């Protein structure tokens, strides 16, 4: 396994400034970072997986040591296939630790070689959740301070259309 | 902004004795209190917004410094329109702090002038949730000790009808 | 009321090694234990109640002081009917205390004679949840280390069929 | 090991109405209950162990299936010596779960036969702690609603004397 | 009782930017705010009560609707004497809710007329604690971003002297 | 700053199997790991800093990419001096998140380049704390399953001597 390849998984529906904060922190610490966009059909995302990948690529731009990929199936299988050995997750002061810990321990059980690394999100992003952002945008609120510019625009378009 | 107008928002599907406890505490502390009933279509409430407003009015009765109103859209826009400057929320010992804090910090971000004020619900109401009450009533249980009399009656009628 | 009859309620969709750990601990402490399988239609279980009961019976085998029963309606009514006076619940280090406490206090309010007894699940099972297990199995993962053998087989069959 | 002997350990400096609530609940569920008063010199208790035992005995009175004993040393050794197989602990909605869980899991590790059983304290006692009660009494406040009558009197005497 | 007089109690050893944030929020919501500096001998504060009061007065300056006072004894007695009817507390996302809730419920029990009002501290101050600040200053670190200028200077003087 | 040098700080009084678990995980993920033993005089450790360093070295043995060092003063200054750019911390399911997050955010504020990386401790070590281990050893209990062999021996010697 290559030291320093970490996978940052999520649904990213859409990517938020909190996610980007974690990605920037990760890029400083690890040789290579893969943003792994889960298809997550069970969550019935607002944006298709193609849209979600595109929003991320536009928002973050091209970086030498960064890939944006989609995946489906078990995360540990994807980790293995990509020859990474760690999952990166952001911990928010206001977040669902129990969910994060269950996921981390379950993944470790499924494959003991897979480690989960947690970084603290900046406190100014600690209360941002995709769920709240979509709700605000749906009600006509301005979400420019929660998501990158292109995601804000896409949210506006989507909710105006409906 | 008028000092002392606070808005107590919620879905109130239906209002519980815990909600009423918070309202009574708020009435002693603030000049004017507005119970703002959210339409909340996404939660598919058991009672229509008209029914929810009526149940509240019947249960609490007419008070000089209290209004019961419905609202839709962003809470911070409603707060602004009603010239209030604070949101009132009850904290239960057993409650979803993370959700409350996310909401309070998100609202503050959307409009920094909007403050959220938390009061402690009496501990004897601290485990009451509308969700559990509806489940109990649906299964034929007696919910007289959780909700005002008229709400208990309405719940019984609703579940007997289905 | 008979001292020592405790009821261990749940949806058991399907039973996990964590549940079985709690059951084994309970059997050592109480004269008689009833596994009460809730129909829980609102949760749209993967397995029918008949299947869930059968999986439990197969996994645990016949024991002198153990019954597996199905129930619907209010848990406190079932407790009363079975002349038990305590509910048994497993606490996982990673679990939803607030939900557990709300339920315990609500049941106590509905019938003050009904006590809820909590035991600690072994820490090696503390992150197991039926929800995660089903998700893993659905994605083709191996769940042998989370559920008894027969439940793992049933999960595989179910998801292969869909 | 005798089924139904449970040990309720603590410093009881002094016993509170919350403790007594747990004891009454335990007496209904188990054949025999031993209140085990820890010497706890490291906590520099306000009352000597003799005084603490006496306050408990006076407050609870004589019961057929109840003993009040003092112990020092490891709790699991005491459990073994008294041929009990379970520790009883009260969970308060507002309590230090992490401490309770660490203790329960550590005791289980020291002796896997020793189970810890948790009961919910009545919500009206859920915020009572010996530490707060002593602080209130020291400042001249009335603690009659937090502790049994004789403990309130002893606290008053102790703090008047200093 | 005068509507709108709230008491913000604490040890303030020394006052932090987090405290000042809560005070500024409180001043906008209530007619009059009293900063009540507890003598707290049991905490062996770094600064004397005179110093702590002076640091607060210097940091906040003179305001028409603000008093800085010292108190000892029971908080509810002080509230009564000052004819206030509410305690103001800041909730930090990272804070000791259980302690806050115990205190609030205990004070309510001691005097049911006394309400505790919680406001959210700005998230950028959510991790600041007097304890950490003193530790950092003691080790020679710069605490300018945690406390008002005069408090930072006093901390430096105090730790240089020792 | 060198990519991949992480500092694992603590008092290690004494080192536990939980600490060693985190160290082994960290060694797989990072190029170089420094165990930084804080002098922590305020905690009045049981073992001197020399003893604590020696116990760690004996327990872990010599590794190419591992150093054991002592430090005093501010952790961020030490991080800077050692040209590391990340702090490593173990998260236990049963741990003091609030303390960990306060520390992480405070360190980030003191030096924004310093990141804190959290790894999950194995769940079988999740309840181990130096404080409990010392208490058990003091009372004559066997701590072989909590600490490395040499630490267990040292604890025994220390408490037999007193």
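Chains: A, B, C, D, E and F, in written order; residue numbering restarts at 1 for each.
We adopt the following convention: contacts are C-beta pairs under 8 Å (C-beta built on N, C-alpha and C of every residue); 3 or more make two chains touch, one makes a residue touch a chain.
Fair warning: this is a prediction, and the values are worked out from it, not measured in the lab.
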Shortest chain-hopping distance from chain A out to chain D: 2
Shared chain contacts [chain B and chain C, defined touch]: A, D
Separation of chain E from chain C in steps, with touching chains one step apart: 2
Result of counting contacting C-beta pairs for B-E and A-B, higher pair: B-E
Distance between the centres, which are taken as Cα means, of chain D and chain C, whole angstrom: 31
Inter-centroid spacing, chain F versus chain B (mean Cα positions, whole Å): 47
Numbers and ranges of chain C residues touching at least 2 other chains: 93-94, 101, 105, 123, 126-127
Pairs of chains satisfying the touch condition: A-B, A-C, A-E, A-F, B-C, B-D, B-E, C-D, C-F, D-E, D-F, E-F
Chain D partner contacts - residues on chain F that touch it in the complex: 94-96, 126-129, 132, 136, 139-142, 145-146
Residues of chain D defined as touching chain F within the complex: 72-74, 76-77, 98, 101-103, 105-106, 109-110
Sites on chain C touched by chain F in the complex: 93-94, 123-124, 126-127
List of chain B residues in touch with chain E within their complex: 3-4, 25, 28-29, 31, 85-86, 91, 93, 97, 101, 104-105, 108, 115-120, 123
